[in-house]
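Chain naming follows the written order as A, B, C, D and E, and within any one chain the residues start at number 1.
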Amino acid sequence: MESIVSTGVIGVTLGTQYALISIGFTLIFGIMGVVNFAHGGFYVLGGYFAFSLSHSLGMPYVPAVLLATLATGVLGYVIETLFVEKYVVDHLATMLITLGIYQIMTTGITMAYGAEPVDFKFPISGSLRGGGYYVPYANLIVFAVCAAAISAVYYLVFKTRYGIALRAMADDGPVAKAQGITPARMFPMAFAIATALAGLTGALVTPMLSLEPTSGEGVLGKAFVIVILGGLGSVSGAVLAAFIVGLVEAYTSVYFGGSLGALALFILVMLILLVRPQGLLGTVARKA
Amino acid sequence: MLTIENLSVRYGGIEALNKVSIEVRQGESVLLVGSNGAGKSSLINAVIGLVPAASGRIVFDGKDLAGTSCPVRARLGIGYSPEGRRVFRSLTVTENVLSGTLGTPMAEAKANLEWIQDTFPLLRERANQPANQLSGGQQQIVAIARAVSTMPKLLLLDEPFLGLAPVWIGHISDAIRELQRRGTTILMTEQMARPALKLVDRAYVIRGGEVRRSGTVDEIRDVALAEEYL
Amino acid sequence: MTSNRRRDFKLDLCGLALLLPLLVVPLVTNEPFYNSLAYQAAIGVSAAMAVYVMLRMGLLSFTVPAFMAIGGYAAAMFAKAGMSELLLLMGVAFIVPALFAIPLGALVLRLKGIYFIFVTFLFNEILQLVLFETPTLTGGSDGIPAVPAATLFGMSLGSPSMLVVVTVSVCIVATICTLAVTQRFRAEFTSIEENETLAESLGVAVWKYRTIGFVASAGVSGLAGFALVNMLATAHPSSFASWSVNNYIAYAFVGGRGTMLGMVVGSYLLIFMTNIFSSYANLSAGLYGVLLLVVMMGAPNGIVGLFLKFSERRKTRIQPTITPVVKEGRA
Amino acid sequence: MSSVLAPSPVATHTARQGVQKLRLDGVTKQFGGLKVFDNISFEVEQGGVLGVIGPNGAGKTTLINVICGMLAPTAGRIYLGDRDITAMPFHALARLGVARSFQQTNTFRSVSVEENLFRAQRFGAVHGGGDLGIDALLDEFGLSSHLDEPSDKLPYGLQKMLGLVMVLSARPRFLLLDEPAAGLERRERTQVDRFIEHARTKLGCGVLIVEHDMDLVKRLCPRILVLEAGRLLAEGPPAEVLSRREVIDAYLGASED
Amino acid sequence: QDCEIKLGTVGPMTGGGASWGLSEKAGVEFEAAYVNANGGVQVGNRKCKVKVVAVDGLSTVAGGAAASNYFASEKVFAINGPVLSTEITGFKPVSKRNNQVNFATGFAKDVIGPDFPLAFHKIQSPPAWGPLVAKTAKERFKLKSAVVLGPNDQGGTDAGTQLAKIYNDTGVKTGTEWYQRGTTNFGPIATRIMNMNVDAVDVTTMPPGEAGILIKQLLEAGYPGVFARLGAGGDVVIKNSGGIEKVKNFYWFDHVPTENPAIKKLTADFERLMKAPVPDNALVFNAQLAAETMLKAISLAGTDQDGEKIAVELRKLTPDSRYLGKAGWRGKGQYGINQEFSFPVGFNYIQDGKVGAQVKLDIPAE
């Protein structure tokens, strides 16, 4: 019984981290139709930015995280403008372009920081304990940030005219332009928001986990799974799916072990998709 | 309000418009008639800037539009309802209507939305449905509503009656009249010349990329009839 | 962009013809590096062909490594059991994954676009885990070592140069299969890609052709997997890692996704460059990334696509400047 | 006018199998909470033409979608002759002879007219025997001179006519036409008349036609249904139906002249 | 100076295992720099400069095979590496054909063997030192049970099963636990281990980053027992798990006695010559030992262009490092061939938050 509850707590923790990384990924996909293979790279980069700022330059952790978030956002903006913007309509070409960018990023990070994990610590340690359960304070903080970030993104994308314009641009570029929407700023901005989210996740989560050049790969894999399960491009779907995946992963790993647990998770996701091919909160388009 | 001088539009080797000159005065409504492929849509698209002009001048509100991009033209006060609806499929009905209002103050956008929803109650009923799920005719209303959401000075309507039931043609005509009363200048094309001619002051007949005739509605009606556009 | 049926067919044949030099490599040189390049290219081309079959229907399938594994492991088990006749092994490597593809296809072929990509990607991950979890059957994480080389009418084909010849031959067979399927069903495949609803309304049983393509792609993947296993004498899970599909897709895209020639050109270029880059040690991934970026930005339709664009431009001097809005669907 | 109702004896397969009916029996379609239409029943005969009109969003396209198998009805059955074809797959129905056209232009856009026709023929080649008279139609509609052009570069009217001609390749027994004349100019609309006439008399097709052009409906349809807010508002000969008060209110509107 | 000899190095230089490949490369490059700074290698009657050719083994079987062929094209016949079991699997048969002698790393069960006479091993796998180390640990920490954790691929399971067997043979009841490589959060696995109630958790085959996360999360969960890493990289793991303040009971093993003054000297030489800090991954030292020995064999063979000849000289010579002194060859009993270094190894521990002195364990030659 005790282990059922504490496993649930772990599942929620996982879900929070997954949600944070996945909404950025689904945002880029939902708005631009681009599968951003470099998303994991921005996560890692956010971690290294925060690490450099706080450990090498001695900045306090909170401003370091904020600056790292900003920096990954700016970098995302620049990368979008330089490499992605022109090819945005070609979903397949952008896949390869972002894959190339990811490999360049990883190589750059390895050259700058080495292949070994760096010594990056979360400033607050300890756990909230009681009745046999525990939640590390760090997780509570991540949870709060996650909730705030998700709300902010949701508000921006679905409740503001800016978000409407973004999505309109994605739907039908020329007509959107004819409505007075300026494309040159829209997509880079969307990309920047998403990469900033990845950077924020990295800056927050890597000190709790581990920070090395390839940390982003597993994260990207999880984002894949979550985003399909939730319904491509659906922010609320991604959040829902993140918690489902987190919980399923927690329970299966605890009861079957990591390897079989992963298998169980994947099979479950496949099964859900067979029943709901459009994902949990995805919509189907009308054919005629 | 809108002066087009010697406008030519080319697609690769195909000449869609050849030295067309058209004048639309402040507060006036003008119809372009002509058979399929005559170049009507090309003209409308050249005005909003979706296709480049090969040569010629487009002057809107005293400003030469050469070199201005499509969004800039829209923000100068040109509203556009494209041929074939082209609503934003994944956006809801209301979002479609609001999509072009980024440059308008929120209060004004809200007021316009109110007016639009009063005019087309359907838009209120279906406010939160994805536009993609609407029927063809319903989508046409959304497209027109989207074009007028900023209360543009000049409204470009490319075949607004396409696929509409007679009763809806009536509704849209009423709405256009209301816009005219509010001082909106209108340039439209329509295959169904009969209801369209009721709305406009003047018309141009376009054929093979050239203006063949122009004049008041009464002058054109006979020509159009003779040439079987009605 | 008019009806390119004939031109595409010619380009497909060019692709096939471009494989023949590979066959000659092991016969004219003992240089291990060239032989190594030749067999890597042959395996790469086979895998890219499996991607190509699905691309013809507008689907990007990430199942290639999984079906390569199924084909490769199946052949390895037969060879281990003493049945190492080349033609038999090729048959096994084609048919076993094809059989797996039928039920899987029934499940995943309803999906489209990025969904299809992700779900097929998941299938790779699942298969990897299944390999790890079934050590008695598949050797688990160690794989199946010391797989005997294929034989032809009892003669061993295990010498270094014969291994390459076999690999290239398997690749040629895979390519011919691909050509046969994509030519035979060209009209159906491209119609499904372009306008599935219309195709269906004209009587095309879309699921049937999707399944045909998927099964063929699985079989071709299986051949690629067999070529790899036979060449390395090992069926090993790491040879079929999920992310390796990125390479095959890169081959297809960099070469040009529209034609089989593109598959061959892309595989040749990227495999050659990977070998060169790997001697830059820690920079290799970054250099590969730069290459991908440069090619995809300079030629979004791949090298063959770029080449076609130039040759077309020479023919018709005037090009449309912009894709206008008019004439989309009047919904 | 009365001759229109008479089934045509010309087409060979019709002669073989006798005149069939396409019959809807209490068909209902619902999307979530939205009931598009409720408990609709009617039938069309081979060789006959039935017009379906109704305000925008009345459910006309959805009706066609349900009959042709693209959508499954929520309730009710659909019969082709004696055969229950409810929710049979779309493509299978096309091969059985229930074919549809689309409200928007619908061709394989980037390929030539010829390739489009080739594909339609290839996909539909089930009921052999007998010339479909497609070449004559192509000449008549002016498509013959455009065979090498990519279909999306054709003028709109030609695209629409091409879409219609392609539907004939499978030798359908029933044609479901969704606004075939929308966006066509007056001259081109007579081609739609010709097309329907051809399908009806030469191939013995039964035709269900959805249109907003009342002139065309009056010309072609001896019998029409008016669909409104999910129910059958009226049914009968156009002249009579169109003069009913409720139809004028719901569909024609006051501005009709 | 017109003479140049080539030394290859292959391993995972990119991707998750990059730290292994890159530290091996660093060791070889250091040795080359050291020798070159001292005039070069005597080959026949000439002094030759050493040139290092590094190839990314891409962590795959195919990458290992391709690397061997690349070396052949570059006329490299003496090679350090590969590192990962997968790379070794692909490399071995091809290098045999290409007449290349190599010093592999890795714990693969068949890393060397009579069928592959040109393959040497520069570290020792668990059966060599395991019983000794496990016994020492068992006595010091009073262990009754343990679990060995690793990724579910060959790199993890090969060594993991060997280790678990050794623990069991020593009388410590030990199971294995595999997870999927690329797991980013070990929260659930930590809970699972908590439920097992074991005295020690051995993370030998986990990459340092992942091992760090697991230990952190086990500590958060309140795990009271001992951690172990019977393989290279103990220091890195401790650093990643929060340092000695956090990790109070830990024992680990190094492939060289890192606290030994000889290795301190090596470190100093490295940093002086390479103008860079020595990599965290201790494999760099073993790579140096292998490179040094390999160059000696090349000198004796009088050529760097014949793997067979170099191998003959390697078997004849007694491994003798300018840092660690003399050692011998071993492996006959374990692999059927005496081609594994027998340099000493180090056992380290932290007990109740106090770092114990490193124990140098001598591995007997055969």
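Here is the rule we use: a contact is a pair of C-beta atoms (placed from the backbone, for glycine too) under 8 Å apart; a residue touches a chain by one contact, two chains touch by 3 or more.
Computed from a predicted model, the values in this text were never measured in an experiment.
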item	value
Each chain counted as touching subunit B and subunit C at once	A, D
Minimal step count in the chain contact network, subunit A to subunit B	1
Most remote chain, CA-based centroid, reference being subunit D	E
Rounded Å distance between subunit A and subunit E, as computed from the means of their C-alpha atoms	35
Subunit B and subunit E, separation of their C-alpha mean positions in angstrom	74
Centroid distance [mean C-alpha coordinates] between subunit D and subunit B, Å	30
Intercentroid distance (Cα basis), subunit D paired with subunit A, Å	49
Per-residue overlap in subunit E, given as positions that touch at least 2 other chains	14-15, 18, 22, 152, 178, 180
Sequence positions of subunit C contacting 2 or more other chains	129, 132, 197, 282, 285, 324-325, 327, 329-331
Numbers and ranges of subunit D residues touching at least 2 other chains	61, 70, 102-104, 156, 182-183
Complex contact set, residues of subunit E against subunit C	13-15, 18, 21-22, 25, 53-63, 65-70, 72-74, 86, 89-90, 93-94, 97-98, 109-110, 152-154, 156-158, 178, 180
List of subunit C residues in touch with subunit A within their complex	60, 107, 110-111, 113-115, 117-119, 121-123, 125-126, 129-130, 132-133, 197, 246, 249-250, 253-254, 257, 282-283, 285-293, 296-297, 300, 324-325
Contact set on subunit A toward subunit B in their complex	161-162, 164-165, 167-168, 170-172, 174-183, 233, 283, 285-286
Residues of subunit A touching subunit E in the complex	3, 6-7, 10-11, 13-14, 17, 106-107, 110, 114-117, 119, 121, 125, 127, 134, 136, 208-215, 217-219, 221-222, 249-255, 257-259, 261-262
Residue numbers on subunit A that touch subunit C, as the complex places them	29, 35, 83, 86-87, 90-93, 95-97, 99-104, 106-108, 110-111, 115, 174-175, 178, 221, 224-225, 227-228, 232, 259-260, 262-263, 266-267, 269-270, 273-274, 277-279, 287-288
